[in-house]
Structures are given as structure tokens and as C-alpha cells.
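Given below, in the form of C-alpha cells, are the structures.
Each of the next two complexes has chain A plus one other chain: chain B in the first, chain C in the second.
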Partner chain A sequence: MPPKVDLQKCDGCKGEKEPLCVAICPGDLLMLNEETVKAACRSTRDCWDCMSCIKVCPQGALETKLPYQLGYHPARLIPLMGGKRVSWTCVSQDGKVERFNYKNRN
Partner chain B sequence: MGKNYPTTPQEVQEMQIETDILIIGAGNAGCYAAIEAKRQDPSLRVTLMEKAHIDRSGCLAGGMDAINTYIKKGETVDSLVKWSREQAGGLQRDDLYKTMAELLNQSIEEWEEWGLPVKKGENGEYLARGRWDIAIHGSEMKVILAEKVREYGCEILNRVVATNFIMDGDRVVGAMGFNIREGKFYVIKAKATIVATGGAGGIYKPYTNDGTDSHHQIWYSPFNVGTGYAMGIRAGAEMTTFEMRWCAVRTKDFNGPIDTISVGYNAAMINARGEKILAERYAHLGGDKAPRYIRANAPMEEWLAGRGPCYVDTTHMTPDQIKDLKTDYLNERPSFVLFLASRNQDISRDPIEIYGSDPYIVGGHTASGYWIDVKRGTTVPGLFACGDVAGGTPNKFVGGCAAEGMLSARGAIDYIKSGMVSRINVDESLVEKEKNRVFQPFVRQLNVGDGITPLEMEERLQRLMDEYAGGVHQFYRMNRERLEYALKNIAILKEQAKFLVATDLHELMRCNEVIDMIDVAEVLCHHLLYREETRWPGWQTRMDFPEKNDDKFNCFVNSRKNLETGNIEMFTRPMEKLVD
Partner chain C sequence: MAKGKTIVVGGGIAGLTAAERLGQAGVEVVLLEKADRLGGRVANLHRYYPRLCPPRCGLEVLLNSIDNLSNVEVLLSTEIAGVQKKSPGIYTVFLRDLKREADPYEIEAGGLILATGAELYNAAKISEYGYGNLPGVITSMELESLLRPEGPTGGRLVHPVTGKPVRRVAFIQCAGSRDKNHLSYCSGYCCTVTLKQIEYLHRECKDVSTWIFYRDIRTPGSKEEYYRHVREEYSPVFVRGMPSSIDGAGEGLTVRADDTLSGKKVEGNFDLVVLATGMVPSELPDIEGLEKDGHGFFPGHIPCAPTELRRSGIWAAGCAQQPMDVEDSVRSALSAVAQCLVRLQQENTVYPEVNKKKCDHCGRCVKECPYGACVLGPDGYPEIYPGDCRGCGVCQGGCPLSCLNLPGQGMKKIEDVVDKVLSGDVPGPAVLLFLCSNDAYPAWNRLVRKDEAKEVLKGVMPISVPCIGSVNMAWINEALIGGLDGVMLAGCHPGQCHHGGGANHADTRLQNLKETLGRMMIEPERLCLTGITIDDSDRLFSEIKRFSDVLAKLGPSPFK
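Up next, the complex of A and B:
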């Protein structure tokens, strides 16, 4: 399930050695597009949907897109990482919103 | 090609590192090995070689929602050893399991102390989710572990892909690999080496392998491709029980875990007629408590018999339970919640569909991997193994891999202190040879500009294994003739590896990965061929030998590559029960 990059929000993590999503992806799938200076996924078919990149993005510029073989358009799932808690917003295909909030660190 | 990395071996910058303990793979097992080594002796230099980033590498990248082996009050090490052996169809190294089980609880309790939230019941005890299972909020558990590794002062080399061990005669004295950011070649000499690279996913074609974006929609981490097995095979290490593959019941299409639902919320597997599959059709084998391979294979047999699709029946669940269930998934495979939302699925009305996964080689679940002793030493001196890559210990799971990490560190330290390693002599020509092998796809791209991409070769291997070595599309079935066909083509693929081309460092990693996958597939086929019986239907279904044969095969099937002939040699080792 490839991450979708919001080119308006992504700033390429300018202050960092490399964008945080590029640094973290376990499959080495994210890269910096040198022309746009924004993050890009080099091989969408190879994504495992672990959401590591989504969680680490300081701009909230990445979103997991479900492959169409698996689910219908346009459901969404968006995490918001707090210090020791995480909250998730899930919007179903027909627009119902569900929220989750819990401790993920002691 | 970009200009910021080398494209020929001559341009490659070499990094020489000398360390006391080298750990290859900084997943759960590797991290625990590193921490334990530092605890035992803070003066040791401990180096981790990790192809991704330690914060999110290995099986725990996305998180985990439960610990499946924790010894609760009223249970003992021996009761767990016995349970595990039964689940594994009678084949397990009791000596390994027992030593691992003795450290299980420590690893989990430490993880909690370091920051992992473990759910508690009203009595303050860990909240049970089954006989051995406890529930956790583990989405950040790998990040927590990585912080601890740094705190203990271990050296972490992120984005360095291991390719082969360094040999000094018959001893392992470190490993080689390359960095996928700058293309530097690493030569890391070590007094002792621990391999912790995980198991092998992606050897078989997944049924979600469409032309679009769901190729890696598999249960096991698709970035664990069996490199540690392949390195061991190429070094002549003895391997065990590859034929005990892990094929699991997973949620259909998404390939998410189902123990979360079936164990956690008491949801039975049902077929298309609404019959409880295990209770009604497998009562003679233990029903809901039937061995794991029976449970894993049951829905596929229903499907094949015309009684699919199959489900886990969630229709009894309350809204609160459903919220809890979704939270569990958010901790382990978050996008399963998105999957349900994309189908507008209310699981209190529509149960969750299930299906079999593609087969994996994974020593944390089954007994596949390096043949090791109780100190976690492999048959090659200087090399230790832990986690999914280590064999003989099925049902280790997260806690067991951590415990085994600690044991491997202790074994490595004993080896160093025994004084067997006085000086490391490395034949530089072997280093040069390895560098040429690793960078060959760049050389071909530069000189010829045409060849085979790693994706092409991977897909060829995956379909070959799927159709001829019992993949999910064949309902895991195989026979001698098909396996021989697979081996014949694997030999061709090995020969074809010289045609691989890469246009950047990511592709170069993929080329080296597919070479590793082919080496694992070859050994796997030999194991499947050798065991002329069906011991674990589904995991290992020989259509030409459909019955279990205890007279001949109540033993371990092991292999070793003969480094002179290149042949994979097969033999058996006896099964010894320590606990009755």
C-alpha cells in the first residue's frame, strides 16, 4: 500500500540530512525527488503498509492509500502522534468517521 | 545513473571496521543480543549491521498487538515446552526450547519497564488473551527497543546490507556488505558474529500479486528475504527443517493476523455454510485446540471442497469489543482498519473473511533455520544465530526471539573468552572477490546496458515456487516431479544471476536480495523433496506421500551445502524429548 505524498505539505525535510520518511522506510522505498525536492515512493508495489513513514512525517504530508484490489475509494486512516499517545481518525468509504486514542508508550 | 555513488568495484570506497561482536540484523532478536552483550560486559565493542533503520526494521516495524508466549501463574517452562512441541506436530528441539523459555518472561517485563504498554487486568496481572498470550499496545515497541540499544552504547550501522560472512579458514570472523546511501563496501571483522536477519518472505508468489500496488500485501515482513539463511548456506552451515513452512490463516486479501480475532475475541472459523470448521470437522484432532498447522490449513481445505469462502465469525461481538479489536489492529497492522472502512464493513453483521497466506520460512513460528546448540552456536565456529533465522525452536514469537537474542550474546561472549580467537587473518583476495560479486549488476549495466531486472527474476522465482513447490495457488500441494522441475529451473536462475542489472543502489540491494532468495529456495526444495511423508498438511503436503511416516521421519531433516561440489547434502538428526 503506497504512501501518497501531499506535495503542498511536504517540504522535503530541508533541515535534515535526508527526509525523515526516507530515513525510516524499512524497504528503502522513499526517496527525495531531486527535481521537486519532495519525498516520492520509488516502487509503490513494494510497500508493506507498516505506516512508519506516515507516523514520522512532521508535516502530516503522507497518507496510506489502499490498493484498489483491496478496498474501495475513498476511505482514509490518519494517525496523529502525541508524546505518549496516538490518535487515529478513520473515515469509511461512505463517510462515517471513527476515532481512536490510546497510550502507546509508558 | 547518479554520480554520488560508485558504479564499478574499482571506484568503491572500502570501510574497515574491527569489533568484538558483530550482530547482523537489528530487529527484535538482534537488539536484545546487543543489549545483553553490553550488560554482560560493557567493555565489549558491539556493532549492529542493519539494512534498514533500527527504529523500524524487521518484523516489528509496524508494531505488535500481543505477546504470544508468556508463562503465566500456574504454568511452567515444562508445560510450555510440551505445548509448543504438540503445536509443532511433535518436532522440536526441547533443549533449545527449554533454555529459551527460561528467559521469556524477563524479556517482556524489561520491555514494559523500558516503555512498552502491556494491558493489565483488574488484579494487576498482565491481561490474558489465551493460554500463553498477553495483550500489548506495541505500535512503538521497536522504537523503544532501539532507544535502549543506543543507550547501552552499541554501534549502529543503518542502511548497510550484509552479503556474506568473512571466513578465516573454517571460522566466521565478521561479515561484508554495502551501504545503500553512498555505496561504500563494508568489511567488518569481529571476534564473534551473531546472525539475526529474520526469516524469508517473498520466496513464493502471493495471491495478491497483481500488476498494481498490492504485491507486498503479505503477512510476513517482505523486506526479510532470507539473507541470513543464504549467507549461512554459502558458508556451509548446517540448516534444519526448512520443509516445515509457515502457511497461516490470514484475513483474506489483506493477509492480516487472525489470532487477534479468533483467540482474542473467541471468534470461531466458519465455512460458507456457517459450520464451525474446527469443532465440526476437526474434533478428532483437538477441535479448537488442534495443532497450529491443522488450524492453518483447515479453511483452505474447506475452500477446496467447495465450502468456501470461510470466515472468522465476529457477529457476536459488542460495539466495545469491536473498538478494542480495531485498536489491536492499529497496534500491529494499522491499515487493516482502513481495509474494513474501505468496504464499509460492520463486522458485527458481516464476518471477516479468511484465507491461507503464501508460505514463509520463519524459525520464530516453525523450526526452520540454522542448526544450533544451546549456546546458539551454529555449526560454523564463530557464528551464532537467534530469532527467526535460528532453527529447532518453533513458537518462539516475539518474546522467544528476544530471549534467544540474549542467549546468543552469552554464547558469543563465552566463545570470545574461551580464547579460541587470537588473531583474525583475512585473505584479501576473498574480500575482493566478494566486492566484485556484489557490484556485478552495476558492471553489467555499465558495460552491456541490458539484462534482467531484480523484479523480473523475483517474479520468475515466485511463480516457479508457487506452482511447483506448493504455493498458495496450488493449495500447498506438491510431489516429487514438481519439486524436481523447480530445482532444475532454480539451477538455471542461479546461472542467470550474472545477467542481473541495477541502475541505482536500491536496485543493487534488490539484485543481491533475489540472489539470496534463490539460494534459500534451492535448499527449501531439497528439504521438501527429502521428507517423503506428509507431517504437517498445508505446511508440507506431499501428494505422492499423503500419510505421516513416523518410522522414517520422526526426526529432523537437515542439509549442508558441500562447498567443494556445490551440492546440497541431506541427512537426518534424531528427535530427543526432554519433557514428557
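Up next, the complex of A and C:
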């Protein structure tokens, strides 16, 4: 399932030609909508949910909508990037929360 | 040292002063003037106040000096067509030769002083005064030209159209100024100009009578003494009220006004009516990132740094800053010169280092730098000209990949704090507190000396940052994942940030992060931004206390 763009939070990387999400997407699926100057996914069904764009977005404006095989709405999976640390939060459809903290190898 | 010449735009009194002083200091200067002669408006003045000396005297000194300086190049009939940042510390300036109809050509500038001055407000817009229709209604600048020996009447006080001698003169102050329909501001110089003109009218002809229609006479500082001198020496008639109309139907010009002091209608008949008009800024091509005030002037960061504009290496001087008289223009030009020289010669600057291994060329640093000090270099990585960087660290705060860091700042500091918290030394709730070094940090320093604060502050770990806009959200993420209970940002109040948008950047970034945290089922209240002024240590204390109480109620960090 594709990344969803929060249009309030996305600032189009301030008019940058190739914003970070566009640069990082391995499938070259993200683009900048020239009219709205916001990120957009050009082919939602091709997204593999690698979540690279979610992790890199400086505004936290992207969210992956989980495929139903992983969890029905409103289940979520949200990464938070620190320096040495990265944390993943899983919220199940009935609101159960689990967090996984890892060392970041960057 | 910045390569490229320093360009002074405008050859009026401010531009001449700046070019001459910089030239004397050995700086390569290009002086641009739109007209075909130097001197600007000052060259058309008859006398300066308060000494009633001719402006030519000071002007000749400047012009001779510039003539003798081989490092000052003067380009007449040349206007500025555009300015672009080229590389760190260097601007490309586009010039248009007005004599030849050719395309603009470019030169490189290491610095720019905008001494573009101001125009007089178009008096024809004030329809009730009939300027342009009624002969005999002139502006105070036209009266100056009229009285010059080189003027149209050879310096004699006669009517510019009929040639008859002038005996009764009315001055109308605030012509178009302090008026919402025209100029909402006070130009500040017009009252003293009128007093000066009254003085020399009375000196030139003994039987002249002068009236002033005014709202308030504004003569700050020693000009008040000049006002008293003119009032007592020449006894002009002061009418406190703005004329409702000028009637040119009969003999002379009839001016009618309501005198707000006596409450009576006043009517006078005059040979000449002089409108004391205010100033509007001269037109200038837009320069990216250079903020003007609501009227189109460049007042700078007032009051602390009036020469500081939102683009490093560009200064405004003279009436480009705000309407001002010659004295203030010279002063303004000299302060621009001083800042220009500091930039050329300074050695000790703090500026961020770029980690090119991590950088992704996204250019956010370039867009967010409040001073235009950061540009993408030929290799695509951000480059910062040390002389332009004011060390605010807004780039460091905005960098999505944390690859810009000021010396001594960065993720390492946060990791140390996290290690401390993980070792169990910090009593809860553990709070990471970022403090703006301008205001909040001095307030904090006073606070920690107080005994009664110690108990509350024991879980608080402070980090001083140059501006609250320099706090990177990845630092906050790291702290939260590392188990800190909350993060507080103590910056300046919005609108008071020295770097313009620092507090606003922090607010936007924090709001975004709070929204994400909310989706992650983490209480957004664990983050807080507050504005603290330097004398606000009591409020800083109560804010920390309130925040600690909130965190205590929320319980330990969900990441623990």
C-alpha cells in the first residue's frame, strides 16, 4: 500500500527540484506535484512499502498505509529516526502498541 | 577575504559618503548612479539646516576625494537590474547602461551597499491641494531649487510662473504624510526643512510673511532648539490644522483650514504655497530573501543592529533605510561602511561544517538560512562563506540528515545526555532542555544559582544552542527513543528572534513532530516550546515546573 502524504505537513522540501522522498524512493514512484508543490506518489500500486521515504521525510509528512495482510485499518507502523537509534512503533487495529528500538547503522 | 568589488548603489549623499570612506580604506569600489551626475537630491538643495551652509561645500570635498581615488570607479547613467547570489560571499550584479539600449551586463560583487535613496511623495495625489494645477503650489524641494543661485529665477524669491515678487508664503506640513490614504508614516525631516526655509526666506527679504499649517511640529533632539529659534526670531504664524482646500480662483491662493487650537476657521491669502512632502522608497529590483518593511524600506534589525539585513553582504544606507535627513544619511552610510569593513577583515567566525558523506544536496539549508550565507557550491554541496554566517545554526536545525553542525553542537551532545539517563543517574522526570544562548540561557544561569530551584531542576539537562531554530528534530527523536521523558525548547518569543524566523522554524518542526508522535501513541505534551526573554528566569522556572508536573502525570517515557 502506498505512502500517504499529509499535505499540511509536506512543504515540498521548499521547492527543491528533487526532494528527499523523491531521491530515495527505489522504485522512483514519488514526485513533486508542480502545482501544489507537495510530494505525490505517481503509481500507488507499485509501492513495495520499503518505508524509506517515511524515514527520510524531514517534516514527518509521509505515512505508509499498511496492507490488510499486515493489519486492518487503523493499524499503523511508524518509524522515528534518531541519530544512533531508530524506533518502530506498531499499533494494532485494536490499539495495542508495541515498540522496537534498534541501533541505527547510518 | 571576499573576492569581488564592493558596489555602492546610488550616488547621493549616503552613497558618496560610503564610496569615499571605503575607497579611503583601500577597498575596491564601484559607485553606480542612475542619473548622469553625482550628488543626488543634495545637489539640488539650497541650504542645509541648522547652519544654513550650502550643501556644495561638503559635496565638493567628497567628489574631489573620490576623483583622486583610483580604487573607486564611478559608473554614471547606470542602474541596477538585478542581484543574484553567485557563490559563497559573492553576488552577481546585473547592470544596465541607460545611455545605450543594451542588455544588462554583469559584474561580481563581494558586497553591496544599497544607497538608493527615496523619492518625494507625488504631491499631485493630494487632490485638495491642487498641485500641478494651481501655479504657485510647489513642493519644499522645488522651493529649494528656486532659491539656488543656479535656479530658474536666479535665486530671487519670485513667483515661478508670473515672475512677481513673493511676499506671503504658506507651508503645509504633512502633505500626504501621517495619512492612511497616502503615507501612513512620518518622514521625520519635513518639519525642520520648513523651519529652515522660513529662516532663509526671512533673511532674504525683510517684508515676507510666513504661515505654517501643521498637525504637530516634530523636531526631536537639538532640532527643538532650532524650532524655538525660528519661532522666536521670525514669528511665523502657526495654524494647527490641515487645510481643507486651496482656492486659486481669485488673486493669489486662498488657503482654508480649521484651527484645532482655537476652534475657528482660518483663511489666508498667499503668493506661494509650499507642500512639505514625505518620502517613498526608490524602486529597486527585488533581491531574493532581502526583506523590506511594510513601506518598502530596509530599516534593518532595529534597534540592536540597524545595518543588519536578511542578506549578509548587503547593507542599506541613507533614505533606503527610512526617510531621513542628511545628517542621518551620513551616519547611516558610515555604519554600513563599518559593517562592510568588518566583513572584509574579520577572522574569527563560527560557522557550520558540512559532512559531505551524509549530505543529499536537498538545499533546505540554502532555503532556510536567514542571511543567505549558505549556497550550493559547484560540487552540489552546501558551502558557507564564514564572513556571512552569523552562527545561528538554523541550517543545522533544518538539515533532514543532520549533516550540518556548528562546532561543539550536534548529535554527540544528545547521545551523552541519553547515556547519562540510561545509566540511571538522572532522577525522573528526565527533561532535555534546549536554551537559546541569547536569552534563555542567561536566564537559566541565574535560575540555577537559586537554592529553591535545585529540587525542581535536578532532572533537567540543559543544552545551550545559538538559536532555538538550530535544534534538529533528529536530536529530539534520539532523546525520546533513548528514554528521556520530555524535551523542552526555550527560545525567544516569536517576532523577537534575532535571526528572524528561528522561533517559527522551531514551532513548525515541533508541531510536525507532535503530530507524528500522536500517531505513534506518544503524548505530544512531552514536547514543549516556550518563549523566554533574558530577564524571565522566574517564568523559565515556572514553565519548567509546569512541564515537569505534566511529565510526572504522564509517567515514564513509553520508550523505556
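As a convention for this text, the second predicted complex is superposed on the first by the 97 of 106 C-alpha atoms of A that agree within 3 Å, B and C clash if a C-alpha of one lies under 4 Å from a C-alpha of the other, contacts with A are read in each partner's own complex, and residues count from 1 in each chain.
Following the convention adopted for this analysis, a contact is a pair of C-beta atoms (placed from the backbone, for glycine too) under 8 Å apart; a residue touches a chain by one contact, two chains touch by 3 or more.
Just so you know, these numbers come straight off a predicted model, no measurement behind them.
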item: Clash or fit (per the criteria above) of chain B with chain C on chain A; value: fit
item: First, second, both or neither for A:Cys13, with chain B first and chain C second; value: second
item: First, second, both or neither for A:Arg76, with chain B first and chain C second; value: both
item: Partner chain in contact with A:Pro67 - chain B first, chain C second, else both or neither; value: first
item: Touched partner set for A:Pro58, first chain B, second chain C, both or neither; value: second
item: Contacts of A:Ala23 with chain B and chain C, given as first, second, both or neither; value: both
item: In the superposition, chain B vs chain C on chain A residues touched; value: B
item: First, second, both or neither for A:Arg105, with chain B first and chain C second; value: first
item: Which superposed partner A:Thr89 touches (first chain B, second chain C, both, neither); value: second
item: Partner chain(s) touched by A:Asp49 [first = chain B, second = chain C, both, neither]; value: first
item: Superposition-derived angle with apex at the Cα centre of chain A and sides reaching chain B and chain C, degrees in steps of 10; value: 130
item: Per-pair minimum CA distance [chain C against chain B, superposed on A] in Å; value: 6
item: Doubly contacted chain A residues - partners chain C and chain B; value: 18, 23, 76, 86, 91, 106
item: Residue ranges of chain A in contact with chain C within the complex; value: 6, 9, 13-16, 18-20, 23, 56-61, 63, 76, 78, 80-87, 89, 91, 95, 97, 99, 101, 106
item: Residues of chain B touching chain A in the complex; value: 51-53, 55-58, 61-62, 112, 115-117, 137, 139-140, 144, 158-159, 180-181, 208, 210, 212-218, 221-223, 253-254, 323, 326-327, 330-331, 333-335, 337-339, 341-344, 506, 509
item: Chain C to chain A touching residues, read off their complex; value: 358, 360, 362-364, 367-368, 398, 400-402, 411, 414-415, 473-475, 477-482, 509, 512-513, 515-516, 519-522, 558-559
item: Contact footprint of chain B on chain A as seen in their complex; value: 1-2, 18, 23-28, 31, 42, 44-52, 64-73, 75-77, 79, 86, 88, 90-94, 96, 98, 100, 102-106
